[in-house]
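Shared between the two complexes below is subunit A, which has subunit B as its partner in the first and subunit C in the second.
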Partner chain A sequence: MEDLAARALKYGPALLNGTLVTLSYFVVGSVGSLLLALPLALGLRTRRRPIRYLLLAYVEFFRNTPLLVQLFWLHYALPMITGIATTAPETAALALVLVMTAYMAEVYRAGIGSVSQGQLEAAQSLGLSGRHSWALLVLPQAFRIALPAIGTLLVALLKATTVLSILSVPELMRVTTRISNYTARPAEFYTMTAVVYVLLGIIVSRCIHSLERYLTPGPCK
Partner chain B sequence: MRSILIGMIALFAVSMTANAQEVSPTLRAIQSAGVLKVGMADSIPAQTKNPATGDWEGFNVDMAKNLAETLKVKLEIVDSTWSTLIPELMKGSFDIVMVDMFRTPVRAETVVFTDSYMITGNTWLVRRDLNLSNWHQLNDPKYTIVTIAGTAAVAQSDKLLPLAKKKALVTENAVAPHLEVAAGRADAHLSDFVQNLLFIKANPNANVKILDPNDPIEAAGYSYAIRPGDYHFLAFLNTWIAYNTTTGFISERKQQWFGGK
Partner chain C sequence: MNFDVSLLFGILPELARGLLTTLFVTTIAFTLASLAGLALALCSRSKVGMLQRTTLMIGSVARSIPELVAIFWTYYCLPNVVGLQLSGEVCGALALGAIGAGYMSEIVRGGIMAVPTGDWEAATALALPRWRIWMRIVLPQALSRMRPAILNYFTDVMKNSTLLAGIGVADVAYAAYLSGAQDFRYLEPLTGVAILFFLVVFPLSQLSRRLSAAEAIVTRSL
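Now for the complex of A and B:
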């Protein structure tokens, strides 16, 4: 037991660094997708078919291909086509934002679809412009409705960062694999890492839940 | 007279071009940048990044330092994975791959291998409860051999034990096959003696043992890999390996990192 404590102490800083790297990719992926998915979700509602089909093709491509394949494709195939070579951290951030934006746009689209058409008509009958109706009425409600699904997606994003280890990005799973190989004690270190992911996942879920309660009007707040 | 003069000028021009082509572009690029970029992926004890200190250590790290000193340049080790070493080399992320990589014909279709710098001994890690007197008895469909997909051990296991069942894992975790054997989901795994020993020392209660530890199986030679096309660089590296074999540097480092095999 003392040995275990000594090892945890010895490799703790490396695991902490890995956790910080994981969190930085999580922040980039979540903030990027939360922002970019809104225009994408609105674009998916456009009546202009070429634009709608183009955006739909983007969403379907990134939702239906594995992140691992996207990472390899972006890192090795794209530079051959475009001549632009990205570093491993750049590719990793780009892939996470692209894939999460596709998923998030679908979540937003479902949230927007849940707001009844009658409310929009009522707002317009009260004299609100179309833009104001969307900004003040539809989008806030849609966001609140979509929050549980957003929370699930963000926890999935947290776990998806483990795939980045294939590009040597020093995130938590890469660090754990390295320590496990170095010490030949995989059970100990993968268990520690599992605990870290569980804690991070719970924190993300609690934050989303708190936000949901804060945004919910009425006595249940 | 005029045609002879033109001929001599043409010959001179051709010989000058030939001289220019003989200088290795890779060596020139390394020396002008002042940095030798070496791609590495973890494999104990050949090369590994110490997770606690962040420093690279192992046999090939000493070799890379020696190569950089020979070229009078700084050494930069680029952290890679086994799955991406060759694509990264071809992409130009580093000048050379210096890991314990077996040279196989399939890999040689993509990269160019140097002469072998070392031949190590592999041993079979088997379940402790198996009653076997030698590894040949594993050549039976009732036994399952586990390997990591993409490694040379896959072909070697196929060759040595054609009748046994095979199971290839897709993982970057070097000890995953050891764990498969320890958990009883596989019966044997072929790996470097030092890696097998390290696993047993770290996990003394694991249900595994090394079969015939004093009689290792000779594996194919380990080689370094470079991009195709620069054969002067290849000739330089082969000369460097031969020189370090003669001076005893390679055998001394092998003794330090791999033990007395």
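Now for the complex of A and C:
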């Protein structure tokens, strides 16, 4: 038991560092996708067929292939086409943002789709311009409706950051693997890392849940 | 750099072997997840508060453990715990199945809860035996409602089976990467495997979307 405490003390800083790297990828992936998915979701509603099909192809391709294959492809195959080699952290950030944007656009689209048509008609009859009615009425409501799905997606993103370890990005999973190989004590470190991910996941979903309650109008708060 | 299709044909045998591994792992993991998920879902409907709370918690913990962590844990720790050496494929399938149980239990629970209470009451009023209520009335309805979610989940398992690369299992994605690494021609094998996954997963997810749209219309007209 004393050994355990000593090991925890010895490798604690490295694990904490790994956790911070994981969190920074989480922030990059979530902020990037939350922002980029909005123009994408709106673009998917365009009447211009070529643009819509192009955007749809992007969304469906990223949603229907494994993250690992995307990572490998972006890291090893893309440089053969473009001639620009990216480092593992660059590829990792790029892949996370690309794949999360595709998923997030789908969530936004569902959210927008569930705002009733009557809201737009009401806005029109009040003389609001198209842009105003979208910005003030449709999008805020859509965001609130989409929040639970966004929460699920963000937890999935947190879990997905572990895949980056296969490209040797020094996030928590990678650090854990290295320490457990070095100390030959996989049970302790992998269990601990699993607990850390579960706790982080709980924190993320709690945050989204309280945001949801904060944004819900009326007495059902 | 040109896309050399003949190179892709050259590595077809390796990819086919990898695909078999992928299918093997996916099938085992999916079956395990379905059985364990069904058991969890039934337990979570138990009237014993303790059992109900425990199974719900097991489910939500299983859903928040990253797949890769579970795979590594099973591969490196499980042999020590149970004292027998398992292959990477089996370990990976066990890990994905265990996590899948968490998702599956939620799908099954949702499906059962979507069966109207009136059906239960009607069946009870007709004095149908309990197992008959389940087999003839509740589960068939629940199953048809669960189909889209189950299909979606199946594609998730398939996509996640690529993570077995982390413990050196040569599934189709890892086989493509390895053959690319041999002569530094990554473009063809990796593009090939991406397209292969897309061709398998995309129709399934479209089918799931169709089914859930059809389901929505049925519920609205009721």
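The definition used in the following text is that the second predicted complex is superposed on the first by the 221 of 221 C-alpha atoms of A that agree within 3 Å, B and C clash if a C-alpha of one lies under 4 Å from a C-alpha of the other, contacts with A are read in each partner's own complex, and residues count from 1 in each chain.
The rule is simple: a residue touches a chain if its C-beta (ideal position, glycine included) is under 8 Å from a C-beta of that chain, and two chains touch if they have at least 3 such contacts.
What you see is a predicted model, and the numbers here were worked out from it, not measured in a lab.
Superposition note: with subunit A as the common reference, subunit B and subunit C are in steric clash. Looking at the superposed arrangement, the partner reaching more residues of subunit A, out of subunit B and subunit C, is C. In the superposition on chain A, A:56 makes contact with neither subunit B nor subunit C. Once the two complexes are laid over each other on the shared chain, residue contacts for A:65 go to subunit C alone; subunit B is not touched.
In the overlay built on the shared chain, the residue A:10 is in contact with subunit B alone; subunit C does not reach it. With both structures placed on the common chain, the touch criterion links A:162 to subunit C but leaves subunit B unconnected. By the touch criterion defined above, A:85 reaches subunit B but does not reach subunit C. Within the superposed three-chain model, A:76 lies in touch with subunit B and with subunit C [touch as defined at top].
Touch criterion not met for A:211: it reaches neither subunit B nor subunit C.
Touch criterion met: A:197 reaches subunit C, while subunit B stays clear of it. Residue contacts after overlaying the shared chain place A:178 against subunit B, while subunit C stays out of touching range.
For the contact definition in use here, the residues of subunit A common to its subunit B contact set and its subunit C contact set are 76, 165-166, 177, 180, 186-187. Remark: subunit A residues 60-61, 63-70, 72-73, 76-77, 80-81, 155, 158-163, 165-166, 173, 176-177, 180, 186-187, 190-191, 193-194, 197-198, 201-202 touch subunit C in the complex. Considering their complex, residues 1, 61, 64-70, 72-73, 76-77, 80-81, 155, 158-160, 162-163, 165-166, 173, 176-177, 180, 186-187, 190-191, 193-194, 197-198, 201-202, 205 of subunit C touch subunit A.
Residues of subunit B touching subunit A in their complex: 42, 44, 48-52, 54, 79-81, 83-84, 87, 91, 172-176, 178-179, 198-199, 201-203. Of all residues in subunit A, only 10-11, 13-14, 76, 79, 85, 165-168, 170, 175, 177-187 touch subunit B in the complex they form.
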